Amino acid sequence: MPFNLKQLLDQIAAGNLSAAQGAEQIAAEMLAQPVEDLGFARIDHQRAQRQGFPEVILGLGKSPDQIAAIAQRIVARGHTLLVTRADPTAYAAVQAVVPAAVYHDIARAITCRMHEVTAGRGTIVVAAAGTSDLPVAEEAAVTAEVMGNTVDRLFDVGVAGLHRLLREHDRLRSARVIVVVAGMEGALPSVVAGLVSVPVVAVPTSIGYGASFHGLAALLGMLNSCANGVSVVNIDNGFGAGCISSLINHLD
Amino acid sequence: MPFNLKQLLDQIAAGNLSAAQGAEQIAAEMLAQPVEDLGFARIDHQRAQRQGFPEVILGLGKSPDQIAAIAQRIVARGHTLLVTRADPTAYAAVQAVVPAAVYHDIARAITCRMHEVTAGRGTIVVAAAGTSDLPVAEEAAVTAEVMGNTVDRLFDVGVAGLHRLLREHDRLRSARVIVVVAGMEGALPSVVAGLVSVPVVAVPTSIGYGASFHGLAALLGMLNSCANGVSVVNIDNGFGAGCISSLINHLD
Amino acid sequence: MPFNLKQLLDQIAAGNLSAAQGAEQIAAEMLAQPVEDLGFARIDHQRAQRQGFPEVILGLGKSPDQIAAIAQRIVARGHTLLVTRADPTAYAAVQAVVPAAVYHDIARAITCRMHEVTAGRGTIVVAAAGTSDLPVAEEAAVTAEVMGNTVDRLFDVGVAGLHRLLREHDRLRSARVIVVVAGMEGALPSVVAGLVSVPVVAVPTSIGYGASFHGLAALLGMLNSCANGVSVVNIDNGFGAGCISSLINHLD
Amino acid sequence: MPFNLKQLLDQIAAGNLSAAQGAEQIAAEMLAQPVEDLGFARIDHQRAQRQGFPEVILGLGKSPDQIAAIAQRIVARGHTLLVTRADPTAYAAVQAVVPAAVYHDIARAITCRMHEVTAGRGTIVVAAAGTSDLPVAEEAAVTAEVMGNTVDRLFDVGVAGLHRLLREHDRLRSARVIVVVAGMEGALPSVVAGLVSVPVVAVPTSIGYGASFHGLAALLGMLNSCANGVSVVNIDNGFGAGCISSLINHLD
Amino acid sequence: MPFNLKQLLDQIAAGNLSAAQGAEQIAAEMLAQPVEDLGFARIDHQRAQRQGFPEVILGLGKSPDQIAAIAQRIVARGHTLLVTRADPTAYAAVQAVVPAAVYHDIARAITCRMHEVTAGRGTIVVAAAGTSDLPVAEEAAVTAEVMGNTVDRLFDVGVAGLHRLLREHDRLRSARVIVVVAGMEGALPSVVAGLVSVPVVAVPTSIGYGASFHGLAALLGMLNSCANGVSVVNIDNGFGAGCISSLINHLD
Amino acid sequence: MPFNLKQLLDQIAAGNLSAAQGAEQIAAEMLAQPVEDLGFARIDHQRAQRQGFPEVILGLGKSPDQIAAIAQRIVARGHTLLVTRADPTAYAAVQAVVPAAVYHDIARAITCRMHEVTAGRGTIVVAAAGTSDLPVAEEAAVTAEVMGNTVDRLFDVGVAGLHRLLREHDRLRSARVIVVVAGMEGALPSVVAGLVSVPVVAVPTSIGYGASFHGLAALLGMLNSCANGVSVVNIDNGFGAGCISSLINHLD
Amino acid sequence: MPFNLKQLLDQIAAGNLSAAQGAEQIAAEMLAQPVEDLGFARIDHQRAQRQGFPEVILGLGKSPDQIAAIAQRIVARGHTLLVTRADPTAYAAVQAVVPAAVYHDIARAITCRMHEVTAGRGTIVVAAAGTSDLPVAEEAAVTAEVMGNTVDRLFDVGVAGLHRLLREHDRLRSARVIVVVAGMEGALPSVVAGLVSVPVVAVPTSIGYGASFHGLAALLGMLNSCANGVSVVNIDNGFGAGCISSLINHLD
Amino acid sequence: MPFNLKQLLDQIAAGNLSAAQGAEQIAAEMLAQPVEDLGFARIDHQRAQRQGFPEVILGLGKSPDQIAAIAQRIVARGHTLLVTRADPTAYAAVQAVVPAAVYHDIARAITCRMHEVTAGRGTIVVAAAGTSDLPVAEEAAVTAEVMGNTVDRLFDVGVAGLHRLLREHDRLRSARVIVVVAGMEGALPSVVAGLVSVPVVAVPTSIGYGASFHGLAALLGMLNSCANGVSVVNIDNGFGAGCISSLINHLD
């Protein structure tokens, strides 16, 4: 039963509750936010309600034990689990406490899907420029899927061989939102955005060498896109792109 | 009447059209893309149809005469006009050929709205961290408005005085998509995205000095946002954010 | 009379206030934050109470009219005024509405001091490496002074002539906190911090040329100081250093 | 018995000391600074007296043998030992010569506390944005503790879930100085500084990927903080922040 | 037999083909681009025809299995194979399916040459500044050779010992195009271009340390060459230089 | 009559020339390089012979008087004149001494063509992505033309509207070498190089704002091109591209 | 008469001086460093004695009045005057108080030479790559001359036309130390250092555009020189190079 | 017997030599530069004569076999050997062919000294800021020693404890040239140069973390030194500093 300030004050007025008790209850309510404190982490169990999807674990910089401990708490509440940047060791630790967890090795992600997730409205196309961009593209795709979306993968369609992209024009056109993943010069989002009229979420990857500066070249290219409708996330941030495209795809 | 390959071939088969004439018509159709070549610019008059909004003129790096010449051609076809990064001189040149054009001085934009633009579905909130961010925020707002959207402006709500933002929680919650404009450390998008469950388009501004490096600090901050649902456009690119938020707000 | 939740609930319990009225008052209190909205700015009049000093106006990127309008509101409430990065034009606009305002030309600051400010406990030394660093050093000094501190200025004591610094050892030793301003290689904070046992707030300046990269060299040097007790603010941020040193100097 | 120039000259005047002996003693005094030269290092045994805490060993770039040799000399004089950036191998080498030394594995620090350290006046809050920031936050906390301060740890309170931070408002308010540790966009110090009126020492961490550029994004964000009272130390420099906060907390 | 639109329409007009069949054939032709989709890669088998050399495999970021799978398909069509950035493991995987493949260990390249390649017109000189630049220089040389060119290698002719270069003046003069490979300050292309009147393709290498910033110094040096006729490729991009010099050398 | 060592020695052997005279002549020849020293400049009059085109004057950083003095000397020897980065003031100074000089205002170049220049073999296409790129594209075109080449200009064919480029496929195909000029994300060279099999010389421009970093984004994009056959010159270096494309176009 | 501690103590011992007087004299001596404090500047009049040349005024960032005030004090003591980065306004202010001051307009320097300066031992060659590098080269030359050295200027000898440099081999060989000034790719120091066996002081200039990044390219090139004997000063720091070369040239 | 053009021509004139023979001898002399070509390297055996010290081998990027092969050739000609950046494996390979070679493990250098080296005139002081800077400082010291200089090492004298440096004032003063090695903020060269009047060669090291950016902070600090007489070499380039200081110390 949710807290109701009006009812509480009514009770005080009716003499069913003392003023002191009322003050205490209000204070308690303020503190009763469903954040579970593990010492090294504070799990926000109400995020699913507030933001449409439960808290996601970024595996990077956390030990397998820390990941497993957080994962167990999330699943215990019946929430869908998503761990990104997880290596096989982290998966082993998670699987020990969440046997139903699945490992997506190309995407380096752990998922355990519950029924709570609502379906997105249209299709999300995840396009990738080259074979080496697959880990990031798969992270975006797996993220979007676990968040309830239908994903259409369109890989190795870089701009140096335009016909590979142009012949998939229909699939691009059928999307409600498109995630475009590219390293090196990062030109693909500009070309794709010029062909469609839906939002394009661009993900630069760290693929390349030399003056790619670990994805900086692709990032700058995408930020300077001459095409309308392109917004950008961090280098290699497939998760972020999957998440944003899901938010867009869930809009009524 | 749109070109129809099947009908054309039927006509040939029926003897109503010679093969040579048919080949000519197909070739003509392929070349008949409505691109008007001014020598220094090729205006794409079909963009409204293909991308939902006519070609927009980026004033930066173009002379007033070039801007006016392109503007005249766009309006002549009955399309809505939007010129960004336009100074008063450019406006004077445009006004001479498009008397109905309006100048938005804070946003540095010229518009001339036609009836063709379809309305967006919900409200776009444009939030700005500080007073100095207004030119960019207004560029985003004017862009979104001319593209048919209802815009709610929420200015000077930077993170150093959180209560200024928190008391506008309801307005944030009422948005279908939020544009967040901030310079200096660029922290506002992370805080806003943590409070809502709709897409946030973040615009770093070049406001600041020293280690802001003309907006680089804000840009990097936004790209590294720990909140889900934030994508980023170029520094000072209010137009881009307005455009993307409009695309999102026009999705069925 | 400050809002008191316990008293309010007592009143409801005593029948002196209906529950509905109580709920309204609590809501009103929550919204009654003393933020004054000018459209382009939201002035936080309670900051003096919450943070020990009223809101400060960063002149950069604001028009003289905007600055004057905000200044007028701050002074109207009886708060001390501080405008940084203000040129003479801004001062003229402020003076028109706040005749008592004073202009510090080297520091490029406008002040109008009220009686409310409490005095700091010790002396703040502001040391500057070279003559060209004076504008930033003066901004720090004026800021600290208007916030109620005694300031001792120690200028042109760069490390290339150590004896100039060493002979002022006593003045350094007498400080409760030291602001050190330096451009070029920014080595002065390290040397000063090695001589004292109080906090040193380092301010890199954009003084220099070539590989100083507008203060980057000094900033990096200070961040990498091998001496203990050095923290750093933004390039040319004399205000920030004055403000922090004042906070430290006001600690009981 | 400290050297006293006046007394010495009195003795010469009284004939109790020859002029030659006097000149020798003055020279000796000048050279008699308690610096112990190990060839590869010069240990400054008077730093505790001069700066309030004995020399600290930065483990980075030193061999375990070098670290142990310096540690032994420091402890031999009765000083408190602090080694930062020390791995288990370095600890083993130190423990062999200083059996009482303690290893803090998350903080990667070795300590051996003596009675000499004077207690700080208030509490130092060490707040960290995420679980991955713990090593740096712990380095700050351990440093502050070994220097005689009471530390209150407040971990995983990043800005994307504001309520986690806001509910700890009281603990923030109870601090005399606050260390804020954050990676990625580094927005936490701005938000914290907006809520309190004590100095905030910000520590960017190298946590993140892609455009975090090993902590650069967080560093720039913190340097450009729009909140007053924030100064910054080097990326991952938990030691520096602990040290500065201790200096501040020891001010009378 | 190539597709011929005119003939097809003639056939329809003659009643030899129905309009529906004709529409189908045109659609088929549009889709019939010889791109083979392996899921993780789309191989463009017509590139040899379109661009003068078959698709080249960049080994970087691809697994040995992926490389071998693509290699097999290319060779199966009778095309010449070139894999760059290939380590011995990748070679083993390729050799298993393409026994005739050759490994160039300094160049880290795998080749399998077919008869199709047409010969270039003149000689390509590949000059390298230092011994450490050899892997990149060899990648350029092997690339040019497999593309049908005669290559003259001129190694260790850096500018600090000019006589080493000047005595090879005749060999430089005999080239139709020159590839110049250099790390560190990257000055060699400027000197070479001043001595000849043919195009110079400059390749910066990541050789160096400190302020070479992994080849950035050499890259910037080459981009700013004061000599005419120098164009630049990515750091360590020997393949790119070999490829461009081959294109130039194949011009009639 | 060119110097001939063998003949000279024959003359000495025949007694027609003394050994001393011979030594003098050899020394004279060594010093007789046709370099004219103006004090502030050394003009290399033999460059036309050595490199196929006379010395070109980079106007940047030279005074109008210096430019005119050098121009006069070049024309006096009958060489073709090309001054780049020349403003109208420089032109006025040149015109005073070289009345036949022509000013190309978009390209900011001064030329005075003599008959000596040999014609290139094919056509050089100069393609530019946007209207704002015209000054750089024109510099390339004017340079190529004055060096004897036929130039085909193809402007405003950026990748965001692919059909504008694709319909000019034939003109691209007809080129012997292509110069591609683009700012912002600099994606055009990759797309063009994927469509042709001739060398592409890419010129990044400083067009853009924010994260274009004055052309750095375009430069990095072009250096990381995933298409074969792209080499790059400095930002805004239209002259360099014109010069290289001319060298290539003059190859037999 | 210089201070002599031994004599003073002898006097005390002899009763010619009281201990109190002696202590005072020692203290006085310690404080009696000849630093003249103008408030905004502390002039170090003993630098000529300590460092071989009087204090030099860097004009950058100082007002004409400040420059003139310092200049007057230096000349008043009979020291040689050198002001760098001085514009004509500064010169006018200096000339008003030091009528004998001379202005070097290319070098932007003010000098007033006194007899005190001792002559250097050999010749300093100042070589510059291009005409645009002259201001920096002249600053180096004027600095070296005013410090007592013979300077040989060798201008416009860039590496793209090697013969211009090689024919001046004898002048290079005759130098005791060589200053090499170059912008753009900054390759000249490497080539020069390969031809001689004396120290080369390299000065990068900000000459160039685009990827020269205001001299960064030249700076990095010089720092990565593959030739032995090259050390580097700041971009455009002709003064520094003149000063170092003078120090070297004055060594016995 | 050195080649003498005059004598040769005399011989021809005298009939003792035919013109054809003379032409051959001149050509032979031109080609007879003592460069030994190993394929992967060209050893310049005349460098000792031309530059005062034989060719030095930079071990970085060369295989042990390559290093040993070059070393053997150098020693075979009786030249002194110096290999820098050499690991123990390289030493083992060298020792196999040059048994007398010595390994300096801190400096990571291999030397084999011959009698040819002439002694420098004075003492070279090598000062290092911290213990971690020792490898670079030792590389400088070993280099200077093998080139015939007397070296005085002064280690761990960083600016945070000035007294450690000041008490060694006499040793600094006794130097003819000083090498100063420092990481982190790189402030030591400025302080040292302010105390002496001899050239200071500054070597930034990559010691540090975070915003030291692998030595960039120290490098920039040194380039921006406010002290006169400081020139800089590449990060970690101890060899370069040793070499330059030796060149200076060998000047008559």
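Here the chain labels run A, B, C, D, E, F, G and H in written order, and each chain numbers its own residues starting at 1.
Just so we're on the same page, a residue touches a chain if its C-beta (ideal position, glycine included) is under 8 Å from a C-beta of that chain, and two chains touch if they have at least 3 such contacts.
From a predicted model like this one, the values you see are computed outputs, not experimental measurements.
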(message) I need the common contact partners of chain C and chain H, sorted by label.
(response) D, G
(request) Compute the centre of every chain as the mean of its C-alpha atoms, then state which one is farthest from the centre of chain B. (result) H
(message) Rotating chain F so that its CA atoms sit on those of chain G: what angle is that, to a multiple of 5 degrees?
(response) 90
(request) Compare the CA centroid of chain C with every other chain's and tell me the farthest one. (result) E
(message) Of the chain pairs A-C and A-B, which one is connected by the greater count of C-beta contacts?
(response) A-B
(message) On a C-alpha centroid basis, what's the spacing between chain F and chain H, in Å?
(response) 40
(request) Calculate how many whole Å lie between the centre of chain B and the centre of chain D, each centre taken as the average of the chain's C-alpha atoms. (result) 51
(message) From the mean C-alpha coordinate of chain D to that of chain E, what's the distance rounded to whole Å?
(response) 55
(request) Find every residue in chain E that makes contact with two or more other chains and list them. (result) 130, 161, 210-212, 216, 219, 223-224, 228, 234-235
(message) Going by the touch definition at the top, which pairs of chains touch each other?
(response) A-B, A-C, A-D, A-E, A-F, B-C, B-D, B-E, B-F, C-D, C-G, C-H, D-G, D-H, E-F, E-G, E-H, F-G, F-H, G-H
(request) Quick one: which bits of chain F touch chain A in the complex? Just the residue numbers, please. (result) 129-130, 158-162, 184-187, 190-191, 193-195, 208, 210-213, 216-218, 220-228
(request) Would you pull the chain H residues touching chain F in the complex into a rising list? (result) 5-6, 9-10, 12-13, 15, 18-20, 22-23, 26
(message) Can you tell me which positions in chain D touch chain C when the two form their complex?
(response) 50-53, 56, 121, 176-177, 196-199, 201, 219, 223-224, 228-235, 240-241, 243-244, 247-248, 251-252
(message) So in the complex, the part of chain B that touches chain F is made up of which residues?
(response) 30-31, 33, 35, 37, 39-42, 44, 47, 58, 60-62, 66, 85, 204, 206, 214-216, 219, 234-237
(request) Within their complex, state which residues of chain G touch chain F. (result) 130-132, 134, 155-157, 161, 163-164, 167, 207, 209-212
